[in-house]
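By written order: A, B and C. Residues from 1 in each chain.
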Amino acid sequence: MQQLIQGNEACALGALAAGCSFFAGYPITPSSEIMEWMSRLLPPRGGVFIQMEDELSSMGAVIGASWTGAKAMTATSGPGFTLMQEHIGYAAMTETPCVIVDAQRVGPSTGMPTSPAQGDVMQARWGSHGDRAAIALTASSVLDTYTMTIEAFNMSERYRLPVVLLLDATLAHMRENVTLPEIPIVNRSRPVSASGFEPFGSPDFLPLGAGARFTVSGLSHDEAGHQRASKSDAGERLTRRAIDRVLADADRITLTRQEALDDAELVLVAYGITARAARAAVRQLREDGVRAGLLELQTLWPFPAELVGSVVRNARAAVVAELNLGQVVTLVSAVSGTTPVHHLGRMDGALLEPGAIVAAGRRVLDNAAQEVLAR
Amino acid sequence: MREPVLDGVGTAVSTQVGVRIAGRGGQGVMLAGLLVAQSAIDDGLEVVQTQSYGPEARLGAAKSDVILSPEAIAYPEISSPDVFMCLSHDAFTAYSRDVTAATLLIVDSRAAAGLGVGEALLVPMIDTARDCGSPIAANIVGLGFLLAVTRVVSERSLRRALSARARPESLDTNMRALDAGLALAAEMGVQPGQLSPAGR
Amino acid sequence: MRQGEHLRAYLREEAMPNVWCPGCGHGNVMGAVTRAFDHMQLDLDETVVIGGIGCASRMPFFLNTNAMHTTHGRALTFATGVKLARPELTVLAIMGDGDALSIGGNHLIHACRRNIDVTALVLNNGIYGMTGGQLAPSTPQSFRSTTSSFGSIESPFDTVGLALAAGATYVARATTFDFEEMPQMIEAAIRHPGFALVEILSQCPTYFGRLNKLGDGRALLDYEKDHTAPLEGVTRQELAGQLPIGVFREEIRPEYTRQYAALCDRARRDGHA
């Protein structure tokens, strides 16, 4: 059935479909409707909704709930996402499955609360101190918001990680007609037996109160959960294991949409809401005889460097379009070889328009041609 | 995005149509946008609906933009509206920056006073709604007029969407307002045109 | 069997030795916690003890329960998540004074306000021990710390008054000197169906005692004894200069997880999708 649904509503419906039974959050524009929906949807289903006193406590409650076995999430925007970083790091350190939705708005600080941005890409990866495994996903449509929320839960359950879903103010508030699809659900695996089970460093998850008493700690610890906070390789060992678990499955985690890339001389790299303008730009450029193609990154972390590199290196030029002053472009440039990479960004609260991307594409192709001539 | 080709007032053919509805907070701008979007879905079209938010929407001027298309919609914002229906003076000032000569303007005749609205169709939406029993049904009068002039959605779908969204106790008033809007277009002798995304 | 030998079952031997200095009061508190657990025959599999960060907050490591050692000041937020998701579990949050009153002050007042069935033990030694003796929100006025070398000019928090004002339904104060009463208060707090807070005045000889020239752990216990008095049967004048010890409030008000369960029933009954 076709429904007219708002992005934030689709996120809440996706969470329910994924089996989310716990939501803790704090109001913030432009994500608040997610928690409003959850406050209505969870109680009649026996799930837990709580509005906490701030974003720090929201993430604390989410992690506590996850350790009882619940699928738990929160939703926020830039300033709240920053406050959550302490506990996102804790969730990574303790291998806690949970989902954090960040509807991005213009920053830094209070910035432009109702205007879209894509400035939290690096924060989603490196916002918490120290090294860690990380998965961050994007969505570019209301339907996407539904399916990627489910993907975020599935990945968090499979890899025992906090998974971040990056939305933006426009997508959060816009409505589209969608037919919600059935999507397979992943549940965290339980160890065969609680006795002798080591609760950390394993993809299997044993909740608190399941008969094996151990300590969950943000201190560096070993597989049994004993703190190893001085001169020990245990913390590095478990962190490497978590990172490797993600990298070993990178093919499965990396989701992209590729359009007209086969013969593309100009590659547009975009993600989230900006991918839509890039898609429109590809069509216009093709109509005008320019062989343009689009690589839409639905997974930003782990960054699919190999795929991006091979696509970009095959082209004469690339444009990275994003609503920030240069984040994903640094990753693309690192793997672009000799292909020139042009950055098109803004953070004034407006979307990048197809026309601007078309113009940037033409310019960078012209420059590339002149460089070849000069050689 | 392909620019729609407008063929005189109210008769246009296009692959994609952008409809903007704007007014004061409380004039039912959001509802009107949702009704257009819901009707378009029933007509088998793709839609993207966006709107002004937060303090912007609460401080007087509010708008709802709807893109309708027979194909998947890539860019989600209207770069310049094909149709702009406006219920208030302030909203016209706030949201007419990207209006072009090709935009079909439908402006409440009171709101238009003192505004340089050019070729706009001036429609007594608020006065007509008051005659129908409720000045807050001006949005629905406007929709009736917009429907008659553009046929962006089918009348059947719009009536069905209105039945589904309107409160039962105000449904009669709303239907009267819709009819009044349709009648106004006929009385004013405006050519019933087509600005239909399906290219009908 | 040595007296108290059976209490070892409540401790996690493999996590020993603990981190506390000789003469520190936190061991006395852990002893009282195990005695309370033993007296009420608590099911350790169904108990979760959650600490923040700091000397006191290390206790979860050493108790043989389900345990979380979380982040500075946030123990109660994790406790709220655990308790809400599985209300049948017994949940304790063990925190220090800097943990609960400074960085975690906001969480403390909101946990009190919600009256969620969690037992909070605030081990107050008047100073930051783990980080090296800095000023705490509980350091008495004119007292020294490594960041108040000329004496503190700040007023210390009244933990009990704060909890009472914020709506906690069981509020008590004990000292590590009150060997008999402390386990009873901890047990009463765990049994209490609502948010229970016990402030326990504990001694830090390493920093509080040394920097303020008050002597070792034993001398600090004497100091505690001299500066406290039983709450009951004492007038305000008689209390001058002394902190009252005892149970300040024990009342039944609707508890959060039970109210939440009732809300779910209501939502289901009313047929909300």
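To be clear about the criterion, a contact is a pair of C-beta atoms (placed from the backbone, for glycine too) under 8 Å apart; a residue touches a chain by one contact, two chains touch by 3 or more.
Since the structure is predicted, the reported quantities are computational estimates derived from the model, not experimental observations.
J.: What pattern do the touching chains form: line, ring, star, complete or other?
T.: line
J.: Ranking chain pairs by how many C-beta pairs touch, which one is first?
T.: Here the largest contact count links A-C.
J.: Starting from the mean Cα coordinates of chain A and chain B, work out the distance between those two points in Å.
T.: Computed value for the inter-centroid distance: 36 Å.
J.: Need the CA-centroid distance for the pair chain B / chain C, whole Å please.
T.: 62
J.: Round to the nearest whole Å and give the separation of the Cα centres of chain A and chain C.
T.: 38
J.: Provide the list of chain A residues touching at least two other chains, using ranges where the numbers run on.
T.: Within chain A, no residue contacts more than one other chain.
J.: For a test of understanding, state which residues of chain B touch chain A in their complex under the given definition.
T.: 1, 34, 37-38, 40-41, 45-51, 53-56, 73-77, 79
J.: Applying the document's contact rule, which stretches of chain A touch chain C when the two form their complex?
T.: So the residues of chain A in touch with chain C come to 21-22, 24, 40-41, 43-44, 46, 48, 50, 52-54, 56-70, 72, 86-87, 90, 208-209, 211, 213-219, 226-227.
J.: Could you pull out which chain A residues touch chain B in their complex?
T.: Answer in residue numbers: 2, 4, 29-30, 113-114, 169-170, 173-177, 273, 276-277, 279-280, 283-284, 351, 353-355.
J.: Where on chain C is chain A touching in the complex?
T.: Of all residues in chain C, those touching chain A are 12, 14-15, 44-46, 48, 50, 60-61, 64-71, 74, 76-86, 89, 106-107, 110, 260, 263-264, 267-268, 270-273.
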